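Below you'll find the structure I mean.
We just call them A, B and C in the order they show up, numbering each chain from 1.
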Amino acid sequence: MRRLLFMVPILILISIVIFFLVYMAPGGPMAVYATNPYVSAEELKRIGESLGLNRPLPIQYTKWFLSMVKGDWGYSYISGRRVTASIWERVPATLQLTGTAFFFTVIFGLPLGIIAALRRNTFVDYLLTSGAVVGQSIPVFWLAIMVILIFSVFLKWIPPGGISTTGMPTNILDRIHHLVAPSLVLSTVYIAIWSRYMRSSLLEVLRQDYVRAARAQGLSEFRVICQHALRNAILPIINLAGLHAPFFLAGALVTETVFSWPGIGRLFFDSLNNRDYPILLGILFIIAIIVLMGSLIADVLCAFADPRISYD
Amino acid sequence: MDNELLKISDLKVVFQTDEGTVRAVDGLDLTVNEGDTVGVVGESGCGKSVTALSVMRLIPEPPGRIEGGSIIFQGNDLTRVKGSEIRRIRGNQISMIFQEPMTSLNPVFKIGTLISENVRLHMGLSKKDANDRAVELLKLVGIPSPELRAKDYPHHLSGGMRQRVMIAIAISCNPKLLIADEPTTALDVTVQAQILSLIQELKEKVGTSIVFISHNLGIIAEIAEKVVVMYAGRIMEFSNVFDLFENPYHPYTIGLMKSMPVLSNTVHKGKELYVIPGGVPNLAHLPGGCRFSDRCPQSLPVCSKREPSLLEIQPHHTVRCWLFVEKQQRENYEKGCLSRYS
Amino acid sequence: MKVRKRADKRTEDTGWKITWKRFRRHKAALTGAVCLSVICVLCVFISLVRMKDPYQIDVYKRFVVPGAQGFIFGTDELGRDIFSRVFYAGRISLAVGIFTALISVFIGSTFGIVSGYYGGRTDSAMMRFTDVILTFPPTFLLLILAAFVGTSLLSIILIISLTRWMPVARIVRSEVLSLKRRDFVVADIAVGCSDLHIIFKTLLVNVMAPILIAMTLTVAEAILIESTLSYLGYGIQPPTATWGNMLNQAQSYFSKAPWLAFFPGALITITVVSVNFIGDGLRDSIDPRLRNA
């Protein structure tokens, strides 16, 4: 409970930072209009007043924060639509992408890490660990480009991007067809990271006395590992999941951009190019909330899973 | 005629390390009879824990390996039986309790679960029966309010209580042999005494034989009936506890006893506490000859050249030391040694 | 009574010698070190190695396939030699990597040392702050910063450093916390050494090793981040070549000249992998216990 209360001031702090970042930018929110030669100086002033931009900054900030909290996130400079609507309509696409990526991360990353730990210092281990290093080192956008180049342009196995084929009615198979490449690309880095984490966590647990004690009781190796060891090894992974939550949920920016995926990340990038500040602020605000919620949820989950942690 | 329960013959355990092959146990013979309490004493690194772990084949296989010898238990050689067989024996007929009660219990399981798991595994009891047995065992080891404690997690208990829980798990299936690897070393002195008396009490009740490992001579004196003194992977002296303390033969044993602080205002007055000079040898680079020779205050020239064998100088009292071998024989060995290399 | 001195087979090496010995045995780290050195050498001495000017535009030689006409990596849409461009670009990326690492290590160490040494409320407050920034996806932050602070080499280095000092701070702080309790520090305090003195003499020396490891990993991250930013158009701007913006321009010519997209990215990957392997090797050599081996 105390954590929730702590979160509020932190949220305010972050939002202040975000706000100032965006509004302090050279050119400011008026940049879009100021660079437009067809807008006269008078009109500029008028627009500025209507947007409330001539008030002192702290007032602007407070007004903005309060309206954010109330749910009024303003209107896009470009499309004129409500920010909340613009963001909300992109959420499903991003969730599909990141959800699938998360799924892949769990079903590939964890077992690979476990195998590497159990076959420690063998060829398999070296292979997996080196592979993980490579996986962490490949720039996501380049991997995406290469995948598109090889599998789409040359082999024509998958579509080059987008969430579905234009003109076609909504079709599960078609959607899966479009989903495979981006989600695998996105998950690559995380599979690499999670497998290394799992490996080191499991190795750490296997060194513990209670694992040896479990063997001394006559439990089969399978039970020792699955019941006794993994139950403990999984705890840091839960923590990691909470840490990665914001990345999963929103950080797919690069992947979405390369694959032309209509998600939140792509929206952010486009808005950045267009200097559409309300949308930028809105997305950053969401990310801030996800960041805080992510670590909170991870802590709660850890408290559930680990009897040594008590939650107040 | 005593019944032989466990007979270790010529046990050799090695470890592969960066610095070479470490011969942790090098030709160890030990017999435990039914009803015995055998104490194994020695400095850290002398191989006592490794011996204990080898009995249950708990030596981690990648760096370690049982290189040779046999461990006969109830007619089977434990070094050669199948995995499923050794698992049947572990926790069931031979049990082990470890040194660190703080870390030897899995922190994510309740105490009751840890005990009942063992019972269900080996005795096939139902969940309810196993839980009842767990509570029974907790009572047996002297834990108050056992029904409540069974639902606790290990971190709720103190070190002494955790050790009792470990003991409860160990005796849950009425093992024939209990190996206790320094069970009291990590505990306070008062708790130590409690655990020791608990172990002795349980021995009467359950009828297990005990192998008690410690580096503390005082504890060995209190609990053991027979004593094995180990050094650098070898047995240096073996006897029953009274003879050993009254009449130690091996210079190492003598050194150990001399270095025990005594509560008295005359014994140590004005003198430094005795310390065996030097340190335990690097098991990867052992000196030739007797392993204790470089620290031994009574070493002879032959000591650094050849290792003596275990000799029975009195009934049931064996020593591995050149001092107790006839002078003529020593010279023969020396000559034999020289001629081999000239 | 004679106590014979045991001839010690192990020579008493200094800490760094042992580290180097162990590092040598780590195959991956060695491979990484070799690769990285090759790349560095090529980058630094590229002007001597290749005769072709990376900026020279030659419209008669557009889209030459790699290997043909003496262009090892081919040419791009303006006829520029990819091989030279790639290694000129490498200079920028490596420079960004190294300087970012240095600056973020500086910021992070200061933060970590102050936080760990003074402890208490200062520590918790600082650590919470660090955690929050750490979990914020850096891409978003950096894009905004780059869009508004500018995209010169210096600003890129600075803004990346601003998002990468946290891991260093945490490592340093935990080292400081554990060292604080060690006897020799307590002894220093008991004798009355000033805070600064303790910090510099004892703590810094011991903290050096984890910092070094953190630094190598930061170099790797910084290179990746810079190339991502440049690719998105918010990093170093053309005509200055950097691996990221080369890939950006390569996108328009996918089917015509796929090699344009391959080489810069491959080089990023190889460089980052090499740095990571070196970092791993360092970590294993300095403290094998960390490896769970």
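In this section, a contact is a pair of C-beta atoms (placed from the backbone, for glycine too) under 8 Å apart; a residue touches a chain by one contact, two chains touch by 3 or more.
Please read all numbers here as calculations on a predicted model, not as lab measurements.
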Centroid comparison with subunit C (C-alpha atoms), farthest chain: B
Top chain pair, ranked by number of contacting C-beta pairs: A-C
Centre distance in Å when subunit A and subunit B are each reduced to the mean of their C-alpha atoms: 54
Chain centre separation in whole Å, for subunit C relative to subunit B (CA means): 51
Computed distance of Cα centres, subunit C from subunit A, in Å: 23
Sites on subunit A at which at least two other chains make contact: 120-121
Multi-partner residues of subunit B (at least 2 other chains): none
Contact footprint of subunit C on subunit A as seen in their complex: 10, 13-14, 21-22, 24-26, 120-121, 126, 130, 133-134, 136-142, 145-146, 148-149, 153-154, 200, 203-204, 207, 243, 246-247, 250-251, 253-254, 257, 268-269, 272-273, 280, 283-284, 287-288, 291-292, 294-295
Contact footprint of subunit B on subunit A as seen in their complex: 120-121, 208-210, 212-220, 228, 231-232, 305-308
Residue numbers on subunit C that touch subunit A, as the complex places them: 28, 128, 131-132, 135-137, 139-140, 143-145, 147-148, 220, 224, 227-228, 231-234, 244, 247, 250-251, 254-255, 258, 261-262, 264-265, 268-269, 272-273, 276-277, 280, 292-293
Contacting residues of subunit B [partner subunit A, same complex]: 56, 58, 62, 86-92, 95-96, 98, 100, 103-109, 117-118, 121-122, 153, 155, 166, 169
